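In what comes next, chain A is part of two complexes: it sits with chain B in the first one and with chain C in the second one.
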Partner chain A sequence: MSNPILSISGLTTSFRTGGQWRDVIRDISFDIGPQETVAVVGESGSGKSVTAMSVMRLLGGNARSSGRIGFDGRDLLSLPLEEMQKIRGNRIGMIFQEPMTSLNPVLKIGDQITEVLMQHRGLDHATATTEAVRLLDKVRIPSAKARLGEYPMNFSGGMRQRVVIAIALACEPKLLIADEPTTALDVTIQAQILELIKTLQQEEGMSVLFITHDMGVVAEISDRTVVMYRGDIVETDTTRQIFRKASHPYTRALLSAVPQLGSMAGQPRPLRFPVVDMKTGEIAPVPPTADTVRHDIAPVLKVEHLITRFPVRKGILRRIAGRVHAVEDISFDLHAGETLSLVGESGCGKSTTGRSLIRLEKMTSGRVQIDGKEVTKANQGSLAEIRREAQMIFQDPFESLNPRMRVGRAIAEPMIAHGLASSSEAIRRAGTLLEQVGLSAAMADRFPHEFSGGQRQRVCIARALALDPKLIVADESVSALDVSIKAQVINLMLDLQEKLGLGYLFISHDMAVVERISHRVAVMYLGEIVEIGPRQSVFENPQHDYTRKLMAAVPIADPTRRQTRRIADSEIRSPYRAADYEPAKRQYREISPGHFVQLTVEK
Partner chain B sequence: MSSYLLSRILQAIMTLIVMSVLVFVGLYMIGNPVDVLLSPSATPAERLEIIQAFGLDRPVWEQYLLFVSKALTGDLGNSFVFNQPALDLILQRMPATLELAFTALLMALVIGIPLGIRAGLRPDGLVSKSIMTFSILGFSLPTFWIGLIMILSFSVQLGWLPASGRGDTVDIFGVPVSFLTLNGWTHLILPAFNLALFKISLVIRLTRAGVMEVMQLDFVRFARAKGLTEHRILRVHVLKNTLIPLITVIGLELGSLIAFAVVTETIFAWPGMGKLIIDAIAVLDRPVILAYLMITVVMFSLINLLVDILYSVVDPRVRLEGASR
Partner chain C sequence: MTRSSQPEISVHEAVGTTALPAISPFRRTVGAMLHNPLAMAGLIIVGLLVLIALIAPLVAPQNPYDLGQLDIMDGRLAPGSESMTGMIYLLGTDDQGRDLFSAILYGLRTSILVGVVSAAIALMIGAGIGLISAYAGGRTDAVLMRIVDIQLSFPAILIALILLAVLGQGVDKIIIALVVTQWAYYARTVRGSALVESKRAYIDAARSMALPDRRVIFRHILPNCLPPLIVVATMRVAYAIMLEATLSFLGIGLPVTEPSLGLLISNGFDYMMSGDYWISVFPGLTLLLLIVGINLIGDALRDILNPRREG
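Moving on to the complex of A and B:
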């Protein structure tokens, strides 16, 4: 490669913790050529973000770096701070993961763009403002001029990330560092932003250093890929080569754990993820999944015309000015041993549905039966009994466990609270449950912080199982986990389903995971189910426009299938409606047995 | 905005009504002002005459209604002691108290914010630790004691500043103020600083906590990645975000500055409202107490309204009529 833009060699960064220097990344070396996109991929704790931050020297006083970061013939590590400030935002632009917090909430968008232009390009305020409009146009923000005077809160997540990109590109940098720029975004918005970065890269002729954990995104965007594991580079190669024939066992393990949309074609039942031996890279064969669905008995969950709306009050008299139609007239059944996935993007009402079922949210109307018992009209006593049958697992395993309670105690608590076991019995059973979820009984004495993220989610599953439920509502339960851990937890959930005949209501935004785990799928949009049916049928023959859009937006972890797609730059709409709004009665058409699609209403 | 204002005014009126009922009933139960005011040698006839003159022979609810109907015309009654309109008595003394309170507030901000920023930027440094030690002292030492020590040092020992009273005043729009004369300042500076000390400590701590918190936020990291200088990051990005919680607290504290001025006013013999209200309570001078409390309520409501408006100016996320979309 001739004259790399960025040349990192022997980069080691350490953090000081408790007076000790600890290496976080060790001896990192790679180059980025002109107009090249290099992805650094790894799971949490791999040091991929630290690498990016080290290049920009943004780590603060508790960190030190050694080695050489060559950029433009100079070593960034030895530059004085003033010189570094002239490079940041000017020659190297950077964007971060969280578009919601990257912008200062109390400053106007315009000021946040112009300050860069005035700082680095020495423009006066008027010229900088004109330039800011051009930049917002460039990142496809409609009516750019009018939006300069607005604050970040008036922008959606995707739009904010566009503003951040506009700022990063304001001075036409030679290199753009993107640190998980799409991770916090919905999948259709993610596709838009990835397209945008690709297009701008061609227009500007810059190089990109792309940090991500998502192999799908890597396959989609990068020319070369650097795989990191616990602070070391384990493999550097062209992206095609890595996906075709990775040489390091870790890379292979990572790739095998990545759920690939479309990989389940012709497969009627859920499928476990292959387990890879981290030392040898051997892939163990996947055991076939048993047929667990019990169509012969009454469904464990029956939902009819469920509606949940949240009133929005305004004025002195707190009159209802409008309502958020979070869940709008949805109906479905769930059998024992069956997994039904509710899938959709943020604000589509999937979580509210899960919470309404066991009345954690007050439903507006409709009828819900769990194991034949009416939830809708249950009093406090019978509600407690019903909730015993239906347990929830949440997204964040750390926040859903009490940090001051030993996990054994946390698992035993529901049994004691429901009067199902004496204190000592419950603690003993907690040990058995921990073994059931692949931990050891001896771990019952530990506190949540002594576990890793994946282990904590296992603890949450054990706690959910404590009451022998028939139904588990899993609300984004694997979304926060690293790929390999995610695969393990999903395998565990499938094991438990086979063993205990559990019904899962699996709420997720991740189409690829949903394809792997579900028997049936319901796609939600603006509080309504737009399409529901057997997974195979929905994924192989999607009918509704929104389902198709959702599936087209998922990045495919295969660089040879890289699509040139055009995702319309549309926003996710809001389910907020005026107070007198009456939703139209929806009609469904049956495509194939059990596969229903909502008919588009003619306006 | 107008419906917001209207609701705030309604709230203030409700507070006024509840407060006046409480004070009325409370004072009625504590005792009879005539017992305190009248000399023991007064004849029963004189006594009866006074009771009738004050209207104390009527049932308490009737007295209250009478008070309300007069209050609506702007008459809060005459002081039992001075036989002057209670409102006039208070309004005469109010400028002195307000001058003291606002000077103290200004000191708290001018001294507290820079020190707080310094302590927040390098929390582990020696300077920061000294600032924090000072703020602990400001919190924990009693105001009256510091006031006495200040008089001892600066007035008695060094003889630099006068020990008590208010200095020469100049009238502005008919309101006497002392901060425009040098003599006025020499009298003002000690009591104002005494009153401000606690607030300085508070502002230091709030600012420090705010700066430390904001410096950790993503947008500061992003601002650095934009290549901005540390100076600009601090002045533009950090300071405005730090001010938001500060404004709320300062607004509330302004009220307590006026109320707590009582102690300082007593020590420095400052001719403010504090002294007046203490005396009025001692003799159960109901009209003065009521008038004082009503003015305080109105003042507090105004300050809070001002804080809310200021808040929405600084923080665009706050909209006074609730969610805008």
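Moving on to the complex of A and C:
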């Protein structure tokens, strides 16, 4: 490679914790050539973000770096701070993960961009404004000139990330560092932003250092890939080579755990993830999944015309000004031993559906039966009985356990409260449940903060199993987990389904995971189910426009299938409606057995 | 969706130290206190003052309540003077010949008793109302919080003055007055943190398991509201002691026969100008030491119990 733009050699960064220096990244070296995109990929704690922060020298006083970071013939680590200040934002631009917080909420968008231009490029106000409009045009923000005077709150997440990119580009940097820039975004928006970064890189002739945990994104965007594991680089190669024939066992383990859209073609049932031996890199054969669906007995969950709307009140008299139509006329069945996935993007009402079913949210109308019992009309007593049959696993394992309760007690508590077991009996059963989810009974004495994220999610599953439920509503239960942990938890869920005949309502935005785990899939958009059917049928033969768009947006973890796609730069619409709005009655068409598609209504 | 797909970052996972022994939040807090020099200073000051207040009858040279032990001839003696009977007055005497050192020890007893008891009662009432307010929400919440607002809009001293004027003097009366002026602070604090906690997923989890309301409130919400409550309670004990001292200084708190620190300061005030500084200054210094000590502990607790520091 001729004259790399950025050349990192022997970089070690340590943090001081409790008076001791601990290496977070150790002796890492890699180069980024001109107009090249290098992805640094790894799971949490791998040190990938610390690498980016070390390059920018943005780490605080309790961190130190040694080695060499060559940029433009100079060593960034030995530069005086004011010299570094000139490079930051000027020669190296940076975009962060969270578009909601990386813009100042009380300053107009235009001012935030012109500020950078006047500061770094010494432009006067008029030229800076013209330049700001040009930049916003460049990141494809429609009617840029009109939007200069708006505040960040008027922009959606994707649009904010575009503004952040515009600011990063303001000084025509030679290198753009992108730290998980699409992680907080919806999948269709993510596709737009990735497309944008690719285009801009060509237009501007920049190099890009792309930090991510998502192998799919890596395959989409990078020329070369650096794989990090616990602070070390385990493998550096061209992206194609890494996906074709990874040499390090960790890389192989990581890749085998990545859910790949389309990898389930021809498979009627869910499939476990292959388990890779971390030492040898051998892939153990995947045990076939048994047929668990019990069509012979009545469905465990029956939902008919479920509607949940939230009134939005305004004014002193608290008049209803409008309603958020979170869930709009949804009907489906779920059998024992079956997994039905609700997929869709943020705000589509998938979580509200799950919460309405067990009455964590008040439904507006409709009928829900769990195991033949009416949820809708249940009073306090019978509701307790119904909730015993249907348990919920939440998204964030850090939030869903009481931080001040030992996990053994947390698992035993529902059994005691429902009078199913005496206190000592419940504690003993909690130990058994912990073993059932792959932890040890001795861990019952620990507090939640002593567990890792994946372990906590196992604890949550054990707690959900405590009441011997027939149905589990899993609300984005694996979304916050690292790829390899995610694969393990999904395998566990499939094991438990086989053993206990559980019905899962699996709520997720992640199409690739959904493809792996479900028997049937329902695609939601603006509170409605637009398409529902057997997983194989929906994924191999999607009918509704939105389903197709959603599938096209999922990054494919295979660089040879990289596609230049045209994603319409559209936004996700809002389900907020005026108070007197009456939704149209929807019609569905059955295109193959059990596969229904909503008919598009002409507006 | 802002948090959904964010990869988790866990220190334990990163360094692979998941095999930590189980440490309860309580023991972590105590451990952190012992490593904080200012907190240690506060703990030692308050610990010593409470200890000598408790054992006052054993260590005090004289019982300041027993008029038989007092000799009016010993009135207003300077610190270090010798009495008619040969006893040394370490910190001097007041106008009635009362040994100030003994009076301060007994005064500490009264001050701490009034402060702690009133704070404890106010805490229970306030926390209860705060929890009800947060959990019930809607109209109940609105009514209770407006009462709190009204209560807080009057200066505490004014309410206490009016109450004592009606109730009269006495330790029980002043405790009632202090409880009435203090409970609203606890209610406000607990409601705030209970609202935050009840929005969190583990409360949803508890509700989805159909746990009874009582259990959700006391086993799940309350323990997680304790950190801010403990901090407020510590500060409020100090405030209650000061308020009691103020009221006694104004002569409407405790009877002259049961001297608290405030009353002692008040007794000596008349003689400040004639050079008999000790009658006011020594009780005042003791009060200052006690308040500073409690506040040091409170500050340290606030830092330690800050949720951002919890792992």
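Methods note: the second predicted complex is superposed on the first by the 603 of 603 C-alpha atoms of A that agree within 3 Å, B and C clash if a C-alpha of one lies under 4 Å from a C-alpha of the other, contacts with A are read in each partner's own complex, and residues count from 1 in each chain.
In the analysis below, a contact is a pair of C-beta atoms (placed from the backbone, for glycine too) under 8 Å apart; a residue touches a chain by one contact, two chains touch by 3 or more.
Not measured: the values here are computed from a predicted model.
Novice: One more residue to check, A:S102. First (chain B), second (chain C), both or neither?
Specialist: first
Novice: Of the two partner chains, chain B (first) and chain C (second), which one does A:S537 touch, if any: first, second, both, or neither?
Specialist: neither
Novice: Of the two partners chain B and chain C, indicate the one touching more residues belonging to chain A.
Specialist: With both complexes superposed on chain A, more residues of chain A are touched by C.
Novice: Which partner does A:I167 reach: the first (chain B), the second (chain C), both, or neither?
Specialist: A:I167 sits against chain B, while chain C stays out of touch.
Novice: A:H120 contacts which: chain B (first), chain C (second), both, neither?
Specialist: First partner only.
Novice: If you stack the two complexes on chain A, which partner ends up touching A:Q85: first (chain B), second (chain C), both, or neither?
Specialist: In the superposition, A:Q85 contacts chain B only.
Novice: Do any residues of chain A touch both chain B and chain C, and if so, which are they?
Specialist: 98
Novice: Can you list the residues on chain C that touch chain A in the complex?
Specialist: 1-10, 12-16, 18, 20, 22-25, 200-202, 204-212, 215, 219-220, 223-224, 310-311
Novice: Name, in rising order, each residue of chain A that touches chain B in their complex.
Specialist: 56, 58, 85-90, 93-94, 96, 98, 101-107, 115-116, 119-120, 151, 153, 164, 167-168, 312-316
Novice: Spell out the residues on chain B that touch chain A in their complex, using ranges where they run on.
Specialist: Its residues touching chain A are 3, 6-7, 10, 217-219, 221-229, 232, 236-237, 240-241, 244, 314-317, 321-323.
Novice: Enumerate the contact residues on chain A facing chain C in the complex.
Specialist: These residues of chain A touch chain C: 22, 43-45, 97-98, 100, 157, 180, 183-186, 213, 230, 345-346, 355, 358, 360, 383-385, 387-388, 391-392, 394-406, 413-414, 417-418, 445-447, 449-455, 460, 463, 466-467, 476, 479-482, 509-510.
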